[in-house]
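Okay, so here's the structure we're looking at.
Order of writing sets the chain letters: A, B, C, D, E and F. Residues in each chain are counted from 1.
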Amino acid sequence: MLFHTLRRAIYPGSFDPVTNGHLDIIQRGCKLFDEMIVAISTNLEKTPLFSIEERREMITEAIAQINIGSCRLLVDNFQGLLMHYAVARDAHAILRGIRAISDYEYELQMALMNRRQEPRIETVFMMPAEAYSYVSSRLVKEVYQLGGTIDGLVPASIEVRMKQKLRREKG
Amino acid sequence: MLFHTLRRAIYPGSFDPVTNGHLDIIQRGCKLFDEMIVAISTNLEKTPLFSIEERREMITEAIAQINIGSCRLLVDNFQGLLMHYAVARDAHAILRGIRAISDYEYELQMALMNRRQEPRIETVFMMPAEAYSYVSSRLVKEVYQLGGTIDGLVPASIEVRMKQKLRREKG
Amino acid sequence: MLFHTLRRAIYPGSFDPVTNGHLDIIQRGCKLFDEMIVAISTNLEKTPLFSIEERREMITEAIAQINIGSCRLLVDNFQGLLMHYAVARDAHAILRGIRAISDYEYELQMALMNRRQEPRIETVFMMPAEAYSYVSSRLVKEVYQLGGTIDGLVPASIEVRMKQKLRREKG
Amino acid sequence: MLFHTLRRAIYPGSFDPVTNGHLDIIQRGCKLFDEMIVAISTNLEKTPLFSIEERREMITEAIAQINIGSCRLLVDNFQGLLMHYAVARDAHAILRGIRAISDYEYELQMALMNRRQEPRIETVFMMPAEAYSYVSSRLVKEVYQLGGTIDGLVPASIEVRMKQKLRREKG
Amino acid sequence: MLFHTLRRAIYPGSFDPVTNGHLDIIQRGCKLFDEMIVAISTNLEKTPLFSIEERREMITEAIAQINIGSCRLLVDNFQGLLMHYAVARDAHAILRGIRAISDYEYELQMALMNRRQEPRIETVFMMPAEAYSYVSSRLVKEVYQLGGTIDGLVPASIEVRMKQKLRREKG
Amino acid sequence: MLFHTLRRAIYPGSFDPVTNGHLDIIQRGCKLFDEMIVAISTNLEKTPLFSIEERREMITEAIAQINIGSCRLLVDNFQGLLMHYAVARDAHAILRGIRAISDYEYELQMALMNRRQEPRIETVFMMPAEAYSYVSSRLVKEVYQLGGTIDGLVPASIEVRMKQKLRREKG
């Protein structure tokens, strides 16, 4: 009988809110890693729509709806340098989704900088389904706030949250 | 005690010849997968510089020189559709190197087509060291045949092979 | 005798101010559409240089100087989702200029999101003359405010407006 | 009552064979133009898989299966310069599909050269559905010849033709 | 004996702070130009980390450490339009580093706009070493402020300055 | 009185035939270098339209028509590695035109490989006028052979040569 190394990946992001594109990557990552930590970055200075606590809840609700096989999924948040967090969590890899459109060069730039910070941890890129090639949290919020549909771009539970949040803000 | 799934990746290519960029990706892949199959594609119609047999030997020699930890590495060749081969070998993933320069769009196009052929197997992209961002087998051959240096771009054992091959051809 | 469908396109933008690149696209669009609505978006939160009213006047003045054949041109402004506006105006298409440099990926991302909002309305891309491949409202303002020349990048009437505006602001 | 200009577009290509990506663009073009000519280019020196006559039949069969509203569709072939053909056919525009992946720069280069040949005729770009963002005739043939599936990438009638063609060639 | 034109280039930037990528380009530029002016732009509205005076000192210290042959190097700062400054300094060229990743299109757009401002002065692009292909002042600051390493990305003297600056700000 | 280093650049290419885009870069290069060698590469295996001798004549005729100030221009051809040739000619730089469209990544890849061959010689990129952003020798030949106009894309003397060459070939 063979024993293999347990492999753990960090999937970092701001997830404000989590989209179907993120969930698609989480499912794909779960085919390759034994454990995945969905790690909400709390560095960004700009005011987010959802608090860290809300985002944790939203991700937790959303991943309860998807099939992740025997993969162990954790939701967490971190402050400071991603690679310090990754070392502290004993991760083997950083997982990043890479879309046909618009984020390739930024992703490579970050991956090279992260490698310099911690060469033992690799960045791994996976591609979401074509249907999500244009979906970003920013665009989802923008469209929703203008009254557009985000059906199919975020899970139903997230759409409910967005409706509540924006009603609260307007009300 | 925990038992984890053994994870196997295919690293396909023509490897005519294998370069330091390929070996860099093999080492990185070995951090994430328990087994890797370096799989020489034999579909390409254009006449290669090295025969399949030579390329197998060259890869085998080259990987004997690098540190791959506990990763199990196999060298193989295949004909026909990559995804059929990957299923036959019970692989979880296709590994592809992705360079800052020049192959991003082609890689995404192939990955999407491969996903349609076999959705259970994911394509995973990793980045070679910056120093290899411009190295390709084609460019290595071109430069060498014009009398240029390929020192640092291929392992010493490959340079010896190239010298022999080109002397034989000219002689 | 044949009767054909009247075709109406929306040409959206912030037009702060309208440039020769915009006017070039308007002329090209007029070859393909029976009616075009130049539609100023009023969603952008950042403070524009010119008010909506000024921008409407400036576009109206500028299009009076160009040859648009039998095309019917309207200048309007809208708030909220572009696709809701396009439906309300019974448009067949959204027209977008696409420059060799710098906005391709953003344009595709928006076009796919807009298609999801309203699949009946197509986004159509046309290319401005090479001479305008680097002209944007933002760059025109930046250069002008630093004392540079914008001759040939905007119509003469717009340059007059910019001079007045910036004098007023400094004076 | 208003009478409008009938608008005619050329949709050029080698269509060896026609794919669902091409048909998707044809349907989108039919929303904007009163007449469309699907024009098979016969300039390419490399040996095609299907003859001009076969390609005309295949396109004719395929478009019989799709909804094109009141748009008048013609299938034709041409030799020589596309823009000479477009003038001879009294076209207003050249229609080109533009995919998120891989053909943007080539398309712009051709469009600028075509504009120089005949400035009165505009090139118009439309985007296929995301699902076709990686589909090309070349890739379809390559995959099919290696035994892969092209289900969903070409119409059923085209798949039958490919089966016949490749059996004939092998038999 | 031949007398040749002395050639002077401007190397503009915000240099907040100067990085090893900048110094690499300065050294390369010194092979081609007799005189180079490292010119700090003071237009940018956003609050910089270092004052103009500090940046001048930092560049001066850093270039004292590198080999620039017989090239005459000056450090200066300017306000207003780059091309006006370049004319005032009687420069023949603007030198810009161009990285494999991320700034190509912006650079071309600026170069075309600058050429329109002053056609006699050419923009010249050179490539930094691969190792600096992802280094930018912005990323260096971001990483350092999160506690990451910038060793090898900036000269030692700059790292000392950053430590002092950030300690002062926190203390 | 000051004495400055004479600076010599190689402008390599296949020039089959020389275009206005090439001549534009030659003029720009002449502003920066004291001597320029237009160097025809004779490595390419594919059959060119014009012989080396014809290409030398054509470039010589064409540059006689343009203003190059006091710059010394030579026309030459070389075989083998560009960087060996550049060293033999004691050049300081390789000059390459870089167009907004289509050759950026290939150019960077070659420049990095050339730097490895000979680190003392720098590659310098300059941008042609926007009007030439889509002009390539290949496209010029393709269009001309199909009966299109190349007026404004090549000098008149080159157009005459192309007419003669193609008549001879057909006659």
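Brief remarks follow.
Here is the rule we go by: contacts are C-beta pairs under 8 Å (C-beta built on N, C-alpha and C of every residue); 3 or more make two chains touch, one makes a residue touch a chain.
As the structure is a computational prediction, the values presented were derived from the model and not from experiment.
Taking the definition of touch as given, a chain qualifies here only if it contacts subunit A and subunit D alike; those chains are B, C. Seen from the Cα centre of subunit F, the chain whose own Cα centre is farthest off is A. The interface at E-F recurs elsewhere; of A-E, A-B or A-D, the pair that shares more than half of its residue-numbered contact pairs is A-B. Of all residue numbers seen at the subunit B-subunit D contact, under half occur in both copies; the interface is built from largely non-matching residues. Taking the CA centroid of subunit B as reference, the farthest chain centroid is that of C.
Counting C-beta pairs in contact across C-E and across B-E shows that the higher total falls to C-E. The mean-CA centres of subunit B and subunit F are about 36 angstrom from one another, to the nearest whole unit. Centroids built from CA atoms put subunit F at 39 Å from subunit C. Subunit D has its Cα centroid 30 Å from the Cα centroid of subunit C. Among the residues of subunit B, those in touch with two or more other chains are 100-101, 105, 108, 112, 130, 133-134.
Interface note: chains touch in the pairs A-B, A-C, A-D, A-E, B-D, B-E, B-F, C-D, C-E, C-F, D-F, E-F.
Against subunit D, in their complex, subunit C makes its touches with residues 1-7, 28, 31-32, 34, 70, 92-93, 98, 100, 104-105, 108, 111-112, 115, 120, 122-127, 130. For subunit F in complex with subunit C, the touching residues are 100-101, 130-131, 133-134. Listing the residues of subunit B that touch subunit F in their complex gives 101-102, 133-134, 136, 139, 143, 146-149, 152-153.
Within the complex formed with subunit D, the subunit B residues making contact are 43, 80-81, 83-84, 105-106, 108-109, 112-113, 116-117.
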